[in-house]
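Working notes, structure below.
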């Protein structure tokens, strides 16, 4: 099994959720995050003071999938999250040893 | 002070003016709590801007146009008081200084345009809004105030003084006027992105409750102060204001519970405001029992009215129409039924043996103000839109108008300190990257690009 | 207006009525900030509901039962003023219109039941609370107000007018009455889930401070307005109210610093309220120095009193007993020591050569009101519990009563917009999935199940 | 009541006192919203502490030193009224009870030290602040109030009564006095950690707007109440206060838009306060047009002045200098130009044919108060620092002063309930581990260590 | 070493913490999250408007453990978090290359 | 590729960001968290009530790096985050199968 993590722009969340539904993934976990990368940051002037802000808000999505679906899922995620503008975010995948559904105790694929 | 002066009445009207003034910040919180966090500041600022602009215009020419000697057929005042000059320090109107009356009325001129702002939440350019306020009070409010509030024994405003339309404290001039203008504006600006799809729930109901509390408090000045004296009529206005508002709060909650299954706090706050609006024109004409009846009716009817926008598809975002236009009309018309003839006016309503006469006059007043306000407000909004563009870009609206128009976000509950301020939304910083137009200087090219990264 | 009328006094009492009205929203914020975010709205709504229900009942029969001519032995008023009819527009009581007095007193009848709500935070069914308010004001408050506040030269209420119990503005009728009723209610409803285990700290201390600020402000109307005239007594009441409150704030902070090692803002807010409560009955009887003494004592004693609930194990959630019952008793009794005989009353306290006589009367007043309120409140609470059930289900309480009873959550600081509103608590949305009873329609079976997913 | 008594004037002054009282909580919110969430409570508590301490000192000796019969050359009052004894209940000053005047003036004595607190946000030990308040009002405020506000036909205070410096409601005694003291204090305490580096943006702009709204509201009592009567001068003071404030709000926004490219809500709030400050000394001397001019000037100039601290490197954290010292000076000096001679005073300004005479007097008043306040405040701050240490440890400041000094955090929006309260900042709990000094008992050694874990 | 991640219902956090303590795990990291899965979501009516809410709040817990303890720990977690109702959440485990204790720089097992 | 996760004290974030910049890592994702470990917790007294607080706020940082940089990066992170006081936090690394840049779709090292 794989854990796919995606860091995206907040307002793309709806599209991503829709795309995942369509793809047949029916569960995901979302956390709020913020990050920076290429865009590095910008300075602001506020009430006569000047300073740098370098973190921008992001949404972090985690999805557990079976190995064979991982690559397609990544493509789906990337397509749904893309705006073509800098700061679109990253998607990565890590191997999962085992997953359990808390309610039933089912393990592996059945847990999804 | 000259004969006929009353320190008691003056104290009452001056404090009432302060009470009416605090209604505008109260309104700002009432509205500001109802929008999403990302556009809270814009909502607050729209009301505060009215406090600024209208105060200045009032001195320059507003007072004169509204309450200067009538220039023609009760339609508009003349220019005798430009710059508020020529008003003696101790000159009286009734038993109070003219200046006391002038500042009391100024507060009405301030809150009326502020009321409109709720109809176009989240999407109006701030500068365009400022321009609209200036035009609207000049072309719509000042004349209508003259029609309704200027009394000069028969030579005053054509609705109130000449045709006996009863509006004790502004059901027509303030609430119908603002409510209908709100309808015109939301039609001109169009719907918010996500209207009917996203929940768009209030981001802070305690802020909404604070607003309704301050409105309720200030409204005693608004209604009772309109007696322009601390007398029996003022006392009755306080009683009626309180009991009608309480009844409307109950009326709204009951309707809601039956219709949707829960008593919401937003409903309690909205019901109170609906009651305050409805009793405004009537508080000087009805008995406490009549006030309770008006309140219950207004609470329930307005609770029903606020869902029309979804049925008919106009995005009156914060229910200015459903509460102020509808509530103002209810109160103005019910005078025709509940007026006892024994409070501030002698005219009797249908239930007190007065026949349908007064009801007719009230209907006329409602219709005239509504029609005038709708047409002129629509034209002014269109004009402003042509001139400077009234609505922000969609991406700005999605990211949150506060960043683009005010270069701020309403909250930052960061534990780490402002270093992470806007950047960690999880920390409550109602984040969204700065947007073109905000007070920002990119460090370097790529930074530029990030300006829409949110 | 008739002879004896004073516009100045009328202005003072009408504005005072507005000031007392704003105390109830102030109380709502004071209490609302002290609970956890998930039950904030319910706390706010409990106070606002009193504004609604009591206003209506007051018109119907409340005023008449409280201030109608005495029907028997100073125990209760008669029904002459049902519907507030038969009160002339310009009829006077003292130097002000009767209607002004009536609406001023209405505000007292509103805040008293609202004060009780703090004792049963987080766990009372909203409809049951509404029913309780209606029953309680009818059976407890209206009679007690008659006992204490109705003066009719010797034929008025049995405590105040007939037996010389001094209660200038409501130490017994309002604060002891509400505080003891709170004790009865929290005993009937039982402890919150997690009482003594979870911290249950205030979710928003700025909201608490706002509440205490508005209470302090409005209290000038509450105390000074009770002079029913803008005279020397009213002025002294303002002085005493201010300095006793300041002293109590200091007293509480000092106690706290010595006992727990820190000056808390909750302590500052609570100390101020304790001082306001304690000076309420005494502000018309003592000197400024006496007021300072009363304030310091009340601040320190109440600071100690609020921890009794942990020792004795009753969950008076927001310290209604520790602040209002205890504070009200302190103020009422200290009149017996500090009354100078030279302010609003001629009765002298022990320290001014008046002996123990007045202290005895005060003790009697305290005991009578406390006993009556406890017994009746307990019975009414039991009755309501039998009838409709007073307490929500445990799962509702754990998930947060706001969702179940009001279908809302207090805050949503979402950066993404309301689409994520209730769902991202990290975003401030005080989330907790909807619970049966809320205004929800499941899409499909499984959805049903989620109704307890939180 | 004796001859010459006016119930109307008394009602006006008593209500005005209540309005001025609410300005201090208003100020607390105005300041509290501007700091970061982790030091909000300390900011609020600094203002509330003034409500406590000054009220007590006023009774003990403050009133006597400020308004007791002059003891020498108009420099200070005598001790005739220690404990506020010897003031008859119905004794009058003008047309109102002396006690009414005394409590009205008490509210001024309370807010003045509170204004200072904004200059030392986030970093002052709470006990040290309390000590400073007590010393400062005694040595700085009480004398200066005597100089400016004590009139005794020529035998009163040396600035106002003896030398004709015009200060209707406290431009010098309150605002310049507090603003300059703030400068002294921030120099003594030094800069905040991260000054000029971290953004340190307001954590809650709605709280700031609430504060400015309450300040604006209460200021009508502050300015108009200073007429000590409900007359034409009071009415003109209300007019001038409103229009100058509105104009200043507009002035600040325009400056900001041109300079930084956005209309900020903080700018709107600050502009309003700047206008209120500037019109304070002048509201009894100028015409409405003059008030508009003063407002526009004050708004724009103060908007520019607040960035000086970055240029010159003093950390006047919340712009007490830029708004109160500068605004107070602008208003005091412009009297010399705009005084019409036809409102509260007969002295004419330059533009009304009065020559430069009054301007000279005003400049003298400004200079004297500024110099006295700066020197004494600096010395007192140094003394407090020597005695008990005025500033908290750096780690405390970084972690957030609320935890260390008050053992609380301002907010907890936890969905889970207070079990996670302070621990999940993401939930809004403005977390930061407890710090030595807070009301904490470590469970075991390692726990000790965690006290700086944040 | 393994990283065990659990997504659970917020109000189960106390029980889970207690269970971990009992099991002898003395450290963990918590983040707020929200998610959806089977339960898909529900519609709400608010002030006359109807819309869908599909995310519900969750708590996300991360625990580093040595390989041999991983399975038992998962069982402990699942037992403590279970309510038997839909939405109980998931627990999964991923392999960890190395872990370091910041304070001391200790690596591997000693870092826990 | 590796995913380095660091749980640190909030006020060390600035130093860590600076250190990463210096090291040449130009992207990272931050989430708010809280946790406990050795320090276990402490009791508080508030308004006469006594209770235990056992979670303290932390900042959680995720950085994707190429395998060869992983170890050095961990050292950099640890050095920058260290205060020497208990509660400094943990840093761990897990293997990543693949990473994608949403904006461009680039995979692997190019995605960083």
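Order as written gives the chain letters A, B, C, D, E and F; numbering starts at 1 within each chain.
Simple rule for what comes next: a contact is a pair of C-beta atoms (placed from the backbone, for glycine too) under 8 Å apart; a residue touches a chain by one contact, two chains touch by 3 or more.
Because the structure is predicted, anything quoted here is derived from the model rather than measured.
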To reach chain F from chain A by way of touching chains, what is the minimum number of steps?
1
Contact-richer chain pair [D-F vs C-F]
D-F
Could you put a whole-Å number on the gap between the CA centroids of chain B and chain F?
50
Could you work out how far the Cα centre of chain C sits from that of chain E, in whole Å?
44
Using the average of all C-alpha atoms in each chain as its centre, how far is it in Å between chain B and chain C?
31
Using Cα averages as centroids, what's the distance between chain A and chain D in whole Å?
49
Residues of chain A engaged with two or more neighbouring chains:
10-11, 30-34, 38, 40, 44-46, 53-55, 57, 85-87, 94-95
Could you say which residues in chain D touch two or more other chains, in rising order?
6-9, 11-12, 15, 198-201, 204, 210, 214, 260, 264, 266, 398, 407-408, 411, 413, 415-417, 419-422, 424-428, 431-432, 438-440, 454
Chain D contacts chain B in the complex at 6-9, 11-12, 15, 19, 36-38, 95, 194, 198-206, 209-210, 212-214, 216-217, 220-221, 224, 229-236, 238-239, 242-243, 245-247, 249-250, 253, 260-266, 268-269, 271-272, 287-289, 291-292, 342-343, 398, 400, 411, 413, 425-426, 428-432, 454
Residue numbers of chain E touching chain F in their complex, please.
1, 3, 17, 26-32, 64, 94-103, 105, 111
Tell me, which parts of chain F touch chain E in their complex?
2, 6-8, 31-38, 40, 54-55, 58, 60, 70, 74, 77-78, 81-95
Note which residues of chain C are touching chain B in the complex, please.
1, 6-12, 14-15, 17-18, 21-22, 25-26, 28-29, 32, 40-41, 44-45, 48-49, 51-56, 58-60, 83-85, 89-90, 96-97, 99-100, 102-103, 106-107, 126-127, 204, 207, 210, 214, 405-408, 410-419, 421-422, 426-428, 437-440
In the complex, the residues of chain D that touch chain A are 196-201, 260, 264, 266-267, 306-307, 310, 426
